[in-house]
Structure formats: C-alpha cells, structure tokens
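Following this line, the structures themselves.
There are two complexes below, and they share subunit A, which is joined by subunit B in the first and by subunit C in the second.
This part shows the complex of A and B:
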C-alpha cells in the first residue's frame, strides 16, 4: 500500500511521454532550485528554534520536576498539524500582518508543533543522565544553565542528534502547516510545490521528481529508523 | 525507567517566582495560539488593525448545527471507524507474530511498517491518487479508508507488537503444557491480557484517521470531505471564524486522548514512542 505508490512515483520521475529521461529533474532544477534551498533553510531554522526552546526547558525540568510545565510542553503532540497551522496563523496575523506566510512564520509554526516531540525525547535523555554527574557539577557551583550546557547536552549528544534528524525530516516533509499558513509571494515549501504541480498542473512526472528530491533529503530519518531497528534486534 | 532523583536549589521565594515565571511563559507559548482560536471563533466582527474583535457572539458556533458542518463530521467518524476496525484486524495477528516469532524477514516487515513515518507522505499519496483514479477509487470513501490505513497500520502494528512483547510468553507456554492448542492459548491468555493495549492502539488509530488531512485532501477530493478538509476550505475562503470553530472541535478527541493516556495508559504509550 505504501511501497507500490512510492515505487510508482520514483519510476514516473524518470519517464516523460513513455521514454526514460532526466528531463523531469531538469525541470526541477530550472524551476524549483530556490524552493529546495528555501525548504532546507526553513526546516533548519525550525529545528534550531525547537531546540533553542526545548534544551533550556528540559534542563530546567531535569533539575526540578514540575508537572504543569512538563504537561504544557507536551500538549503540541496531540494537536493535529492542520489545526497548528491555522492556530498560529490566526494568532500572528492580527498583530504581525504578513508574517504567518513568511519563512519565519512557517518556521515558528513548525517549531511549535515539534516542541512536544522534542521535549518528550530530550527529557527522557536528560533524565537518564546519572544524578551523580549533576551533583558533582553543582558542588563546583554550576547553576542550571551551566549544568545543562556542560553536562546534560554533551552526555545526551547522540539522543540530541537523533531527535534533530527526525524533527528536521518531518519539517522538510510538512505540508499542512505551510498550506494553512497561507501563500505569500516568493519561494514555497517543497510539499506545496508537489501539491500544486500534481493537483493544478496535472504534471505527475515533475511532481514525482520533486518528491524524489524530498525522499533523498529525508533519508537521514530513514537511516535512523533502520539503525534503531537493527540495534533492537540484537538487544 | 532509570532511577530518577530530583534535587534542586533550596526552597524559597526565588524558587517560587522562578516556577511561576516559567509556567507563565510556557502557558503563553503553548496555550496562546490555542486561546486565539477561541477568540477567533467568537469574533463576529474584527477589522484589520484592531487588536481585539469589536463584537463577540456565538453566531459561528451556531453554524455547527448546519448540514455543511455535520456532513464532514459524519463522514470523518464513519471513515475513522472503518479504518480502526480494519487496522486492528490486520495488526492483531501481525503484531503477535512480530512479537513472538523469530521468522526470517522480521526486520524487513517492521521496516516496511516504519517507512510511511520516515518518508515524505505527500508525493506517495499523490502517486496513490493516480493509481486510485484508474480503479475508480479516487473521490470515494473506500479510497480514503485505504489511504488512511497506510498511516494507521504504522501506529497499530507498532503498538500491538509492543503490547504483545510486554506479555510474558511463559503464561502461554503454561497453557500449552496443560494441553491447550496455540489458538486456544492465544484467545484465552494473550488476547485478554492485551485488551488495555488494544484499546490504546484503537484510540490512536481512530484519532489519526479523524485528523488525517493530506491523504484525504488528495484522494477524497472533490466528493469526500472530512473535518480537516472542511477546515482548510473554510480557511482558504477567508472564513477564519468557521475554520477556528472546526479547529477547536478537531482538538477535542486529542485532548480526551491526552487525558486518558496521562491517567491510564501512559507506560504503554511511552514504550511505543521509545521504540520508534
């Protein structure tokens, strides 16, 4: 159900009018090179913003368990993507007109949605760091900020990297949030391009080539899943 | 869960202020956008440039009783019910097999059920839509159910595998030793023990289907409309109030699930997240 359409889209990306060709990728390069860069940029900014909030928050929560804040930060996990897009659009638009459809607005909305996942993953990683390291740092006079920066983050580095890759890939592939945030002028997110290329131009071949570019960019996430799976088999 | 000991600065006024300030920031960041949905859903008149709506009212909530809102709600519930039933029928035996049997290709099967999570879905759904046109499934409820099943099975198979893994195999072995057949041991021992996990899995799948947007938009258009698609259409038409009402309604099942999971099913749910 998933593999077959996946294979069909990869195959279609290399054919045009029944012949094997790279012409679709040429179209992608000509029309969408800017959008590819834009998408990577927005996803990177969104991921950075997510961590900029999640790391201090989780460091703070690691030092003192405080249920209400932890609960609030996990709420975005349970809010559907479409709702997030709309909520942030109406939240921002009366006060900062035009911001919601800009790259900054999309990055903020993506960061908001992924905050829940980031907190879930990071707090788990931070809590598995042994308390004795934290006590040692505190005995030398380190505050929560120092402990987070110099002990928790380095010791949870691999978990941080994994969550970063997962969140980045998810942002690259996001469709409903940018769609709900509205279409400003200028570059678009990749998935929006795929949608319009397919839905309005009926150009499945180019849409598929764009899709393949997205698959490749999201390969990091796929590799993370594969490694976890093979590691789990031996455990 | 490793041993978690929590220590912090000595209690005092500063600590209290720190907690209150953090709570306030978190509440603004997380609840702010959600609260603005409530404001918008009640705003009968809000002209550009004004920081606050000029007139509040329940007019847009009253529109919920109309057919153009109830119809997508009904369609969505019907689709979600079918998706949940089908996903469980498929995931129960599959999850059991993945948890208990070490058959060749087990890792590959697990991987196949992770791919939809790892890869961008939209181009794949676009491709599926094209295939569905050929079979007359595009724009039909069965087509939407099929496209929902792709994502739903990821949730269902992984939670069911985790659930069956958590049940000690010795219990079934004991039943075999007493002469029960494999089927009988499964139906009499493993299945009843798995009921809380099955409920959790069903809730997750039901919620996923109710909120699914991308696949429904592509495959269902133009005849099958669920609430997320209805909300998108309203928002594109600048009916922001209607979209806000719909958004609030769409959050209800998620909120219920959040509370249920916090209270009853937390461990299984987190185990699932830990595995993925």
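This part shows the complex of A and C:
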C-alpha cells in the first residue's frame, strides 16, 4: 500500500515521454536547487524556533503543572494548516508589512503550528524524568531554567531528537502555509514547486523528481530517527 | 381499473430512474459552480425536465482543469465506455491538450447556436486547432487595476507602466508565474510588448531562433520586478490594492467586478487595458468523447450559448464578458450592467488590446525563461 505509489513516483521521476532519463533531475538541479536549500533552511529555522519556545515552556510546566497554559500550548495541534497560514498572514501584515511572505514569516508560522506537537512530545519526556533528579538539582540551588538546561534536556535528549526530526520532516513537506503566506516570486518551498510543475504545466515527471528529492531529505532525518530508536533498544 | 392503477404507479415510480443525470464538472471557482447550480441548471431544467444536473466543482486555477483531464485520461486509458463526465468547464491550456489527445467530442456543429461561437480563441488555442470542440462559457480579461486617488493618470501602455513602476517602487503588484494565470498573462503581455512578436508567438510555427529575443524580454522583466511587489495570487493582488499596499496591479477583471459587487473592494479601483495588450483567457465548455449523455450535454451547452442566457446570467449577474458573439449579446443587457462592464475598459479597448495566449511551445519557453532568469 505504501511502497507501490512510492515506487510509481520514483519510476516516473526517471521517465520522460516513455524513455528512461535523468533529464527530470537535471531540471530540478537547474531550476530548483536554490529552492531545495531554501526549504531546508526554512524547515531548520522553523524547527529551531519551535524548540526555542517549547523547551523553556515545557521546563516551566514540568516544575509547576498549570493546566490552562498547557492547554493553550497544545491548541495549535487542532488548528488546520490553511487556517494558521491565513491567520498569521492577516495578523502580521499590518504590523510588519512584507514579513509574512518572507522566509522568516513562513518559519514563524510553521513554528506556531508545530508548537503543539513539540509540547506534547517534550512534556511527556520531561515528566518521565524522575522527580529525585530535579529535587537534587534544586537542593544545590538550581532554578527552573538551570534544571531544564542541565537536567531535563540532557535526560530527554533522545526524545528531543526524535521530536525534532518529526517536526523537521513535517516542515519540509509543508504546503498550505507557504501557499497562503508566500509570494509568486523568489525562492519557494519544494511542495509549491511540485504543485506548480503539476498544476500549471501538467509535468508529472519533474514533479515526481522534486518529490523524490523531498523523500531523500526526509529520509535523511528518518535515518537518524531509526538509529535513535535502535540505540534506545540496545541501551 | 387495475391496469390504469398499475400504469399510474409505473409513471410515479419511473421518472427518477428514467431521468437523464447530466454530470457537469466545473474546473473553476465556487462562484462559477454556483451559477450552474442555481441559475443555469434550473433554467435548463425548465426546458428539459427529463434532465437532472449533477454539478461538481474541482477547485480553482489550472489544477482544477488538470483534475478533470486526469480523470478523463484515466477512463480513456482503461478503455472504459460511457465516461462519467458529460460536460466539463476547463481552461484553454487543458482543453487544447485534451483536443490534441483525442479526448473530446466535436459537438459544436450539432448546436443550434453554433453560428454564435466565433472568434480566434474558438479556432485555435495554444497552437492546437480546437474549432468545433469548444464553446467559451465566458471570456475573462487580464487588466491593470489602479487606485485613482493615487494614480490620477493611469498608464495607457506598457511603456507608461514601466516608467510609473520605476518612479513608484513597490507600488505595482502582480503574482509572478507561480501565483496563477493572471501573472502568467501579464508576463506574456510583457513579452509581446518587448519582442513585438505577438503574431509569431500566437500563430506559430515554433521557431527556436526566437528564444534570444524572448530571453532579452524576460531579462528586462527581471529588472522591472525589482520595483514590483510580487503577490501570492490574483486575490493577493486585489487584497493589496484594497488595503492600499499597492496602487496598481495586474488582475482578472471578473474577480475585480465580483469583489466590488460583493462590497469587498474599494469601489473606486478601476481597470485599464494597456497597449499593446494583455491576454484574454476563456473557460471552455467541452463534451468528453465518450460522455454517457452526449445528446443532453450538447443541449445544455446550447442553452448556455443562447444570447438571452448569456446576457442575463453571464454578463448582468456576474460581470463576465460574453462567451459567444458579443454583437448578439450586448444589445440584450441593461444600460446599468453595460456601464459596470465597460467602466475603465471600453468595448473598443477590448477590440484593440485583447490578446491571445501564445502557442504551447512559446508559452513553455517563456515560463521556463522566467523561472531561470527572474525566479
């Protein structure tokens, strides 16, 4: 069920007019190399921003459980991507015109949307850290920030890495938010290019090659994920 | 008596199953779907009570038409008889591709209103002879919309526009080539202007030697874009115009009129058609080659092509330009509707400055040059 469509799109990426070819990848290299780098950059920035907010927030919530804040942080989980794109575009435009359509605006919107998932995963990991470690740290005078940085983060490193990889992969494949917030010119997220090749040109072949590049990027992250899981089992 | 009762029961029971179910796939925005559901469908039903319409929208922009093509192509490839779309509304690009691949029926000669289906765009589209296969439901024109409070003297030509944009950086907007067809059309208009090759680019034959002139024109567009505001779509351009973020932009006239009618747009924003012209882009009504209900499909399109229906539903209600012979339709519309329709862009502007899209090879060459040079 999963491998068949995957194999079909990989095969399509190596085919043009019924003949085997690398021409589609050449088109990707020539026209979309910058967009590949842009996509990785925006996804990396979005992931970093997500954790820059999620780690201190989860550290604080680990120290003092506070339902309303925890609920608010999880709200983005239930807001559709399109709504996030539209809402943040409308919210940002009057205050910082032009920012919402920039790479920074897209990264902020992606971070906002993924904050809920990050909090869900991280808070679970932080709460599984035994209370005695935290008490020991506090006895030596560590505040919430210090406890988070020196105890919670190192002890939940594996979960942190896994959530980071999941969120990074999701951002790589984001479509609705860049579509709602981006512009018709300049570098584009990869999924916008896939849509353009297919929608405007009916060019399934190059769209498939772009898709394969996206698979490979996500697969790099997935490999780290699998290694972490395997390492976890052996430990 | 028993026989009569049985006959009556049969009459009551049969109509639902005996009625022809006409599947109409609309590759356009919800407002176009609504016209078919609430206006054209019921109007046709009054004339043809044996036909039930099942209207389905497939989305917006080129991908919407592409979805219809994909479905029909799959049915053709699998050798299926009686395809399940009877009437489709598709873009010029997709219709030309479907004609080329033999997916459509040459139904226009069977229509009573066949003589009203005229104009260059029903003969050829993107270099493909579509004569007999298509009837434009309406015509849509790309124009330059401007805010008269900020632009007291609107541009009359691309020369004027380029000079104005340079003098007012960031105040002209359009949606590039990845934000929809109005941006693609603006790009084509720019290339026609810079190269002076309108006839060659729209009528062919394809000559690779023209690539140099095209790339020079697109390079000039890259420089122009440095002073332009690139939006994320036609709606984005209208939105920026409405908020005063930009003072001028390339837009579809129908969406500008629709937004004004709905009170969502500053009513002072006015369209202008500049020399040497911008593309007009019809949406075509087509009948798939193996449509299950071809006869009813032709009757439905014939109804839409009737001058009275075009005048009331297409022009007066939605502010679109008529799809069939304008000389027969325009005398039937009210003076108020006529004033709204031709405010800013007169019938003579349309006659002088409406341009066709280029043939497919040049279209692809221009969009490729745009991706490589402008980005």
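A few notes on this one:
By definition in this document, the second predicted complex is superposed on the first by the 212 of 235 C-alpha atoms of A that agree within 3 Å, B and C clash if a C-alpha of one lies under 4 Å from a C-alpha of the other, contacts with A are read in each partner's own complex, and residues count from 1 in each chain.
The working rule: a contact is a pair of C-beta atoms (placed from the backbone, for glycine too) under 8 Å apart; a residue touches a chain by one contact, two chains touch by 3 or more.
Quantities reported herein were computed from a predicted structural model and do not represent experimental measurements.
If you put the two complexes together on subunit A, you find that subunit B and subunit C bump into each other.
Legend: residue contacts after superposition of the two complexes on their common chain; A:5 is shown touching subunit B, with no touch to subunit C.
In the superposition on chain A, A:171 contacts neither subunit B nor subunit C. By the touch criterion stated above, A:78 is placed in contact with subunit B alone, subunit C being left untouched. Legend: residue contacts after superposition of the two complexes on their common chain; A:210 is shown touching subunit B, with no touch to subunit C. In the superposed pair of complexes, A:180 makes contact with subunit B and with subunit C alike.
Looking at the shared chain after the overlay, A:30 reaches subunit C, while subunit B stays out of its contact range. Within the superposed three-chain model, A:198 lies in touch with subunit B and with subunit C [touch as defined at top]. Touching more residues of subunit A than its counterpart among subunit B and subunit C is B.
Contact with subunit B, but none with subunit C, is seen for A:86 once the two complexes are overlaid on the shared chain. Applying the stated touch rule to the two superposed structures, the overlap between the subunit B and subunit C interfaces on subunit A comprises residues 97, 179-180, 195, 198-199. Across the complex, subunit B is touched by residues 1-6, 8-9, 12, 53, 57, 60, 63-66, 68-69, 71-84, 86-91, 94-95, 97, 112, 115, 120, 124, 127-128, 131, 134-135, 169, 172-173, 175-176, 179-180, 191, 194-195, 198-199, 204, 207-208, 210-212, 214-215, 218, 221-222, 224-226, 228-230, 232-233 of subunit A. Across the complex, subunit A meets subunit C through its residues 30-31, 34, 93, 97, 101, 179-188, 192, 195-196, 198-202.
Looking at the complex, you find that subunit B touches subunit A at residues 2-8, 15, 19, 22-23, 26-27, 29-34, 36-37, 40, 46, 48, 50-51, 106-107, 110-112, 114-131, 146, 149-150, 153, 211, 213-214, 218, 228, 231-232, 235, 240, 243-244, 247, 250-251, 254-255, 257-258, 262, 273-276. On the side of subunit C, the complex with subunit A involves touching residues 61-63, 66, 69, 94, 97, 174-180, 183-184, 225, 230-233, 236, 243, 245, 364, 367, 371-372, 374-375.
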